[in-house]
Amino acid sequence: MRVWADPPQKKGNRVPRENIPLPCRVESLSVLSADGVLDKDLEPKLPEADLKRLYRTMLASRMLDQRCLMLQRQGRLGTYGPCRGQEATPLGVAYCLREEDWFVPTYRELPAYLWRGWPMEKHLYWWGGSELGSATPDGINDLPLCVPIGTQCQHAMGIAWGCKLRGDNTICACFVGDGGTSQGDFHEAMNFATVYHVPLVMVIQNNHWAISLPRHKQSASQTLAQKALAYGIDGIQVDGNDILAVIAATSEAVEKARTGGGPTVIEAITYRLMMHTTADDPKKYRTAEEVAEWEKRDPLPRFAGYLRQKGILDDDTEAAFKDEINAEIEHAVEIYENTQHDPFDMFRYMYAEMTPELQRQMAELKRHLETPLPAPSPREQAGDVV
Amino acid sequence: MAQLTMVQALNLALAELMRDDPDVLVLGEDVGVDGGVFRVTDGLYQEFGDQRVIDTPLAEAAIVGAAIGLCVRGFRPVCEMQFDGFSFPAFHHIEGHVRRLRNRTRGRFTCPMVVRMPYGGGIRAIEHHSEAPEATYAHLAGLKVVIPSGPRNARALLRTAVLDPDPVIFFEPKASYRAFREEVPDDPETLPIGKGVVARAGRDATIISYGATLRAALEAAEELYDEYHIDAEVLDLLSVAPLDAELIHESVRKTGRVVVAHEAPRHCGVGAEIVARIVEESLLFLEAPVARVTGFDTIIPFFVNEKAYLPDAARIVRATVETLAF
Amino acid sequence: MRVWADPPQKKGNRVPRENIPLPCRVESLSVLSADGVLDKDLEPKLPEADLKRLYRTMLASRMLDQRCLMLQRQGRLGTYGPCRGQEATPLGVAYCLREEDWFVPTYRELPAYLWRGWPMEKHLYWWGGSELGSATPDGINDLPLCVPIGTQCQHAMGIAWGCKLRGDNTICACFVGDGGTSQGDFHEAMNFATVYHVPLVMVIQNNHWAISLPRHKQSASQTLAQKALAYGIDGIQVDGNDILAVIAATSEAVEKARTGGGPTVIEAITYRLMMHTTADDPKKYRTAEEVAEWEKRDPLPRFAGYLRQKGILDDDTEAAFKDEINAEIEHAVEIYENTQHDPFDMFRYMYAEMTPELQRQMAELKRHLETPLPAPSPREQAGDVV
Amino acid sequence: MAQLTMVQALNLALAELMRDDPDVLVLGEDVGVDGGVFRVTDGLYQEFGDQRVIDTPLAEAAIVGAAIGLCVRGFRPVCEMQFDGFSFPAFHHIEGHVRRLRNRTRGRFTCPMVVRMPYGGGIRAIEHHSEAPEATYAHLAGLKVVIPSGPRNARALLRTAVLDPDPVIFFEPKASYRAFREEVPDDPETLPIGKGVVARAGRDATIISYGATLRAALEAAEELYDEYHIDAEVLDLLSVAPLDAELIHESVRKTGRVVVAHEAPRHCGVGAEIVARIVEESLLFLEAPVARVTGFDTIIPFFVNEKAYLPDAARIVRATVETLAF
């Protein structure tokens, strides 16, 4: 019965098939190009005050980021993961949210945190090794920095689902990296999000690298936006260093989510200008030329140029911003460095009520830390004691 | 009062909880229209609708991951993992987030969720449907791990678990799902998590067990009494994290002889922790080594050989007699 | 600094974007329709002997499946998961493989196993609760039945990758259910498969149900074939009850894989005619009408009709096949029911060499099973012993 | 002979193994061009190329899942999980397949893979980068779980692990990665898996430890000797599955006093298993309760408070002195 031979095959020419037209597509959007050319048709019309505030926040993020690198080098902070060059996307997305909306970051969204009102010292606490940095301030609807790649997509999907079930008109925005799209969690979250049609805006920050792995080795797909097609929704690619494009795309996605239109996938094209973290040496895997190329597309000067052209920003304002921000940073560093940390906190937040065993362990540690070691024994010689 | 199986008792508990609190949601594979592959969620979909009893796509990580988000939004999700063997795709969420969220955010966000799963062997199942992974979860600080042994305590513990402000892994011994009925009172009851009970009082030896193995322990105790004139005390732990050390010490200090019985593998199992606790605070009362009657450090065999793997009354009897003869 | 107001939004009209054309598409294929109409242009030209053997295997699968249901009802088998109605896809796929190729099933691919030479008793062992059923026979390159949904995709991807690294011209075919596509494992496996361009044919058996969950609640995408687009490759949908279409599509995918063209995703549209397993009651979640509708598309009579029309099959041959198969099944049942199982095997296959602790535990069990319990103690009264 | 750090010694072992056997592959995140975030795979990509040293996309389940398939095709994959906290997305493959494939197929297919991961605290890392999950893996029958403590045994054990016909979880104590150097002989060595060693001989008490905590144990032993005239024996387990029970019994029967020290949480940790084994076969030699000096049943604190969590020499000294005073 078991006879093996190659089944006959039409070599080369494909059996003709019918094309299945799909209602979803992948598109791209850019408003303000790297060399400052503005597409006036697409330009979102933002109030001057907002534009100013956005710029100030982007600058604050840049300066705090820079300061953190310095603190790290001075041994005053732990390993640090900078976000330089990626400010436009998180900031643009945060701008499109309401205060009561929910925001789920990965770990490179400092400008969004600043925009949403996190005090700067929180950032220092986190990278300085304290849970104070991940204790979301009361009244802010954000999850804290948290690094297990991809998992946050599921949490954001659950939050968005909760928003829908609560019916309170809130939505959730979530960030994930190009690397993060390879995780099963990303896939499962997008599948649930589309099945339950929840108000989720999933922003892929494609910064071209996942530590040392370049984007083209992360996925064989032409774009990351097209991951959306697997779930039957549109994908969109935006210039992630162009805050105007980010705002244009996100505000539509937020509006769609809020009005029952379900989730959106936005791929924001950007670039990590610095090392992955201070423990990383990017020279091992990428060229200085590549980085230089992307320096030209830096979102900060690009945004500044736009604002100056519009007469919203001038040297005086910029200088005033810098002074204020420097003072804010100094203040935050002072708070950070003068905070006492209580090791017993490790026992206190495990459960609403401490278990008997944890009480016992806490007492054990207390006794150890507070009682000196027993006095050296009077026994004559080692080995004779038992 | 009604005579209920464990499945019915759990179903009752869920219905009561969902009636009491609109934030209690049930989600999992086939928990809705189908009522769950073991029928624990039977009728809930009909009573509470598809916004509260949710048939999910096939992805355990997403079920638990979504539940984390739902907790953040103030819900109390009760997740079902269809079988013990299928909770592990969600393990990184349970390990990495569920048990940590309160600590990470210093209490700003918490995970008052319950992850229910049918648990253990003895139902003639295929591979991956008979595991007993309680030690795996008990080792993860921040979780509570509960294992009822009968209909009445199952219903009471599930209620406590859902009302608990922290995450609870709730193992349902599937061999006991329909094996017997118990009187279950009309009004909802609770039982404290972290407290065991004396399932049978005795003076000569302590048999410590939980879950489906408890029945074997009780059977063994009867046989020990009838055949060997050994009056064994049987403890039903009900929780393996936290562990009711007080109860254990009290009994051990009385009997001095201990047998621990569970169906999970032995190496680094809950039995080891029980021994370690006894040694820590009751060593001087111990008159014989503590015997561990457990599943072996193997894969639980497909069902034709499963009986040889699962601890039964005979193995417990032998161990107890030998412990007394030590 | 923190001022919250709704950012201005263009309600309704979308910002114009550029479409990104993607080089991949989703297509569909059917050769022999449910009512027996044949598309002659697409018909694969198979040798008569092969067609006969294919039919005989399909019939054998159907009959063994039926027999297993009966054995289960009689308590002679454990819970059983039938594959009635889904025979064409696994069989068509197996037909396109060479003996040395690799085959990774989920748990409904009985006809493929039979085609690839598994003795029938293996199937009985597995559903009868013995590891003998999952011990792949020597010389057959198949993974055994194994139920953790989705995980097999990763193993198949790894095998296919191994095929590529070995350079031995082999490929791997893998099955996954509609439910299985929701698992992160499916996504990760396809991502790796496309990144490493491995010779993998991933066949999604869309049988419309994952236990009680209908296909449309499993994913919001129009097709499951379009999951392929997320990885930058084509997806194809075939009529999975049409063995000719399955063979046409698979043989191309196999050829492509073998010649370095990388992976393919095939969605085979089929239907589970019976319960999920014998522990399941499908009346709880689907209508008799729906099932009746799919009975009409049963692949077995459809294939029979085609063969009869071609003069390859007649009543005599059919009857002879049935007699032979019945005898084979009887033989297998006899082997199955007369096999002794050794509980000590559980210790023997954990490691190449048994660890000391396992030896100790095995001895413990041996002693327990082979030594009677100690004689009842002579002590007078319970409670007086210690 | 060369003076190597553990990172260098591990790197050497991998290079040697890859030179010996073309079927040995290394795969993981950033293991290739970058040489691994801890540089354990440094230079391998350059020497062996991208077909054998493979930078994978970011998905641990796929790394281990692929490795299963590669094993089926006869390769010997060495997978790197970038940190202990990130092995759990692959947990369902390790639990459900890696440890079961031999048993499932009655030996037809096997998983001779190694899953390496940096392990434990003490490097001022952020959350999820300092966990010690050895008990979680040790509880899974079918795996071997190895934890070296220094450059020389790391290199020898990694060699044994890769040559082993069964899957090995290989924990690399990251606090010891560069903390000190050791003489490493020119020729490849092996050390048997499942065998511990006496790291310091002594008569008065037994301190059982492994991994990075071993250094604290040795330091404690020095202090005990110098300050308290207690001559402690220190055991380095090197494997936690299988456990070297023989070595433990031998020492315990000599000293009668035992302290177990590991940085993983206590509840259902490896320490509990050690106590249970001692009780099983050496109870009568025990002159005092076995003290467990371990991480607490909490989330290991972010690094400013990490020191209070990790067992150090002082905690071991105190426990030993108290055990002797019992």
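Chains here go by letter, A, B, C and D, matching the order in which they are written, and residues are numbered from 1 within each.
By our rule, a contact is a pair of C-beta atoms (placed from the backbone, for glycine too) under 8 Å apart; a residue touches a chain by one contact, two chains touch by 3 or more.
Since we're looking at a predicted model, the values are computed, not measured.
Q: Using each chain's Cα centroid, which is most distant from the centroid of chain D?
A: Greatest centre separation from chain D goes to chain C.
Q: Contact counts by the stated rule: is the higher one at A-B or B-C?
A: Of A-B and B-C, more C-beta pairs in contact link B-C.
Q: Could you work out how far the Cα centre of chain A sits from that of chain C, in whole Å?
A: 39
Q: Distance from the CA centroid of chain B to that of chain D, rounded to the nearest Å?
A: 30
Q: Two or more other chains touching the same residue: where does that happen in chain B?
A: Where chain B meets two or more other chains at a single residue, that happens at 56-57, 59, 61-62, 85, 89, 92, 96, 103-104, 127-128, 141-142, 243, 267, 296-299.
Q: Return the residues of chain C touching two or more other chains; collapse runs of consecutive numbers into ranges.
A: 131, 134, 146, 148, 182-185, 188, 191, 195, 217-219, 345-346, 350, 357
Q: Provide the residue numbers of chain B that touch chain C in the complex, in ascending order.
A: 29-30, 32-35, 37, 55-59, 61-62, 85-86, 89, 124-129, 203-204, 225, 227-231, 255-257, 266-267, 287, 296-309, 314-315, 317-318, 321-322, 324-325
Q: Flag every residue of chain D that touches chain C in the complex, lowest number first.
A: Residue positions touching the partner: 25, 51, 56-57, 59, 61-62, 64-75, 92-93, 96-97, 102-110, 141-142, 144, 165-166, 194, 242-243, 245-246.
Q: What does chain C use to touch chain B in their complex?
A: 78-79, 126-131, 133-134, 146-150, 179-180, 182-185, 210-213, 217-219, 279-280, 284-285, 341-347, 350, 357-358, 361-362, 365, 368-369, 373-374, 376-377, 379-386
Q: Under the touch definition given earlier, write down the residues of chain A that touch chain B in their complex.
A: Result: residues 102, 131-132, 134-138, 143-144, 146, 148, 151, 153-163, 165-166, 172, 184-185, 188-189, 191-192, 195, 345-346, 349-352, 355-357 of chain A touch chain B.
Q: Any idea which chain C residues touch chain A in the complex?
A: Contacts found on chain C: 1-4, 6-11, 14-20, 22-23, 25-29, 41-42, 44-47, 49-50, 53, 56-57, 95-96, 98-99, 115-117, 182-188, 191, 194-195, 197, 217-223, 225-227, 229-233, 236-237, 247-249, 251-252, 254-255.
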